[in-house]
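You will see two complexes here that share subunit A, one where it goes with subunit B and one where it goes with subunit C.
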Partner chain A sequence: MSGNLYEVISAVGEMIIGNRQKLTDLDAAIGDGDHGINMARGFEAVKAKLQGMEMESDIGKVLKIVGMTLISSVGGAAGPLYGTAFLRAAAPSQGKTELDTQTIGLMLEAAIAGIKERGKATTGEKTMLDALVPAYEAFQDGANTGKTVTACLELAYEAAQQGVEFTKTIIATKGRASYLGERSRGHQDPGATSSYIMLKALVEYLRR
Partner chain B sequence: MVGVVIVSHSQKVAEGIREMALQMSAPEQKIIAAGGMADGGIGTDAFRVSEAIVSADTGDGVAIMVDLGSAVLSTETAFEFLDEELRSKVQIADAPILEGAISAVVEASLGSNLAAVVATAEGARTLNKC
Partner chain C sequence: MKKVINVPEQVVEEMLQGMVSAHPQYVKRVDGFEVLVRANKPEAAKVALVSGGGSGHEPSHAGFVGRGMLDGAVAGAVFTSPTPDQVYEAVKAVDNGKGVLLIIKNYSGDVMNFEMAIEMASADGITVDKVIVNDDVAVENSTWTIGRRGIAGTVLVHKIAGAKAETGAELEEVKRVADKVIHNVRSMGMALDSCTVPAAGKPSFVLEDNEIEIGMGIHGEPGTHREVLRSADEITDHLVDKILADMPLAAGEEVAVLVNGLGATPLMELYIVNRKVAALLKEKGLHIAKTYIGNYMTSLEMAGFSISILKLDSELKELLLAPADTPALVQF
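The block that comes next holds the complex of A and B.
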């Protein structure tokens, strides 16, 4: 993947900020109705933090700043979870200014491991992992058959979309939504949706 | 003396609990509130928690009282920012935040070690009120 790093992060941030209301409505149905507010606050803080760093090309360095900023500004469970994910993804991309499918695969793997560890969660619990894990697997399938970064991310994005749909069919056993038990069924998970939105922003940026 | 940190989504809750706990404390005891976000909003912030832990430690470790959900995730994230030595003597008490904090402060004021302070805080889960 090439393209301007700052622009990529901005595209992801803008798409999250643009979906503030949608994410908040989803969280209002099965949580405390703040996921959109939390995520938008986080990416507004990221925007402010990256001000003046438009020319920075070290991907790991920028992802580390994104992770640290999300940890201190999101406020809800998504803060430590996504924050840890970005920090973990920063390690394989440290010092890199361009990414190939192999490195992105390692970054996704590390990010997911971080979320699982932090949240003590796995797939099937109606969380962001239900979008991210299938997305990672689809990405790897694409990478193993020699597809381009953009093609692999498109596969990941489609798998994340299906993962979001899947979250409607299951009950939450992690996070605030787990207090609702059976009543959480039928609703899509806000965190899975924000993960899908980030992938969507990446794919749309690369298609431009 | 074991320090106590109170992690809540709300700055007011954390400070209110601290105020109540102070009434039961020894004079030199460290009780630190880490509530809300830097901008005063509702939420938890791992950096505020790690700073609170550092200022609560006087060498004997720190017991941490948490409210719901992300308070635990932020506290565990905060542990990653501590130096290894301090990380080995911090512990989250699986207890109701208010009753747990007061029990922990009383136990710590007696000079008990971290394990005993956490155990007493967790005992607050079964306190009968009526």
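The block that comes next holds the complex of A and C.
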């Protein structure tokens, strides 16, 4: 993948910040109405952090900073989960200035493993994993058939979108929405939506 | 949104500054962090207690920092768990070599952020352990969910574990007592009206004029159901029933009661509720050793209350009645 890492992170951040209200409203329906506020605060912090430091070309190093910044600014459930995801994705991209499908596959895999470990959740529990895991699987399918990075990410993005739709059909068994039991059905998961939005920002950036 | 604030982004910071100005004999700020710790380190080394969570529950948790209760409190953004670095700073600030016990309310976010702080502190060689409070009987406690929420019963954990720590007990003893309180306490609440998170700018949920929500969480998470407003006695009856169905008590047993206001409920109404609680418990042959009434674990300006009932044994009773000297709870 070519393109400027800083621009990609900024595109992702802007889209999260732009969806602050939407994510908050989704969380208000089945959680406590702070997901958009928390995520926007986190990506504002990331923006400030990256602007305030010297340009770094090592992708792993930058992602580590993003992860640490999210951990110390988002709070709630999403902070440790997304923070851990970025920290874990930093490992396979350590020392790299460009990313190929193989590395991105490893990054997604590591990020998901981190989220699962931290949150002790799996797919089908109405969480961000229901967007991220299908996205990763679609990405790998594309990579295995020799598609380009952009094509693979487009597949991932579409799978994430379907994953978000899927969250409407199931009940939550993890996170705050699990308190609602059956009443959480019919609502889309805010965390799955923020994951989808990040992929969307990434794909839109690459299409530009 | 109508609130006495300056800017939504600054509410936690400005509240902490105001607390330190108000109670310099009790609390001081850990510079650069949303953490308040005791103004004076305890004279003898003791297990240190740290609690915290989202802000908006005042006087929880910083209001209970002081002799006989907490050593430090971490304030997250409104209704949002604090981040691991903040909790870690609190742990470092209060540790005096006998270990630190974290008192966490059972929300995924709180548990994850506090656990990350434990990992960070453990890497420094600090002994840290945790207890997780889950007293809200409104929530189904099944293996398919993350379990019950922690609500007002948490204050009783602070009180009793705090008293135990003050005796110089070791970390595992303090933890044992804290876990016993958690095992013996049940709570349930109701709301007449919602509250507005400053950064959100609109109410967390909306109730009709004559509608109430039964069993909502302290962040305004939906409860078990909504119903038409009934009398104080009927509502109290329902909540006490739910609590006792979950924790059967035999005649002759001793309990403590906390009738907790959620922010906008007058003391008059809390006393009216307590009148019924006392009558119901007496009817069952239970003896009330101690009653707390007031705003202990609020939800901003939410109107409503929760009832907590703690089953006592001689150990818990003695520790509950032990002195405490904090901004929000003074007991001789």
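Structure notes:
What we mean here is this: the second predicted complex is superposed on the first by the 204 of 208 C-alpha atoms of A that agree within 3 Å, B and C clash if a C-alpha of one lies under 4 Å from a C-alpha of the other, contacts with A are read in each partner's own complex, and residues count from 1 in each chain.
The definition used in the following text is that a contact is a pair of C-beta atoms (placed from the backbone, for glycine too) under 8 Å apart; a residue touches a chain by one contact, two chains touch by 3 or more.
These numbers were taken from a predicted model, which means no experiment stands behind them.
Subunit A has more of its residues touched by C than by the other of subunit B and subunit C. In the superposition on chain A, A:81 makes contact with both subunit B and subunit C. Contacts of A:28 after superposition on the shared chain: subunit C is touched, whereas subunit B is not. Contact with both subunit B and subunit C is seen for A:119 once the two complexes are overlaid on the shared chain.
Residue overlap on subunit A between its contacts with subunit B in one complex and with subunit C in the other: 34, 38, 41, 71-81, 118-119, 175-176.
Against subunit A, in their complex, subunit C makes its touches with residues 54, 76-86, 107-109, 112-113, 116, 139-140, 144-146, 149, 197, 199-200, 204-205, 217, 219-222.
Across the complex, subunit A meets subunit C through its residues 24, 28, 30-34, 37-38, 41, 71-81, 118-119, 173-176, 178-181, 183.
By the touch criterion given at the top, residues 34, 38, 41, 71-81, 83-84, 118-119, 175-176 of subunit A touch subunit B in their complex. Those residues of subunit B whose C-beta lies close enough to touch subunit A in the complex are 9, 37-38, 41-48, 68-70, 73-74, 76-77.
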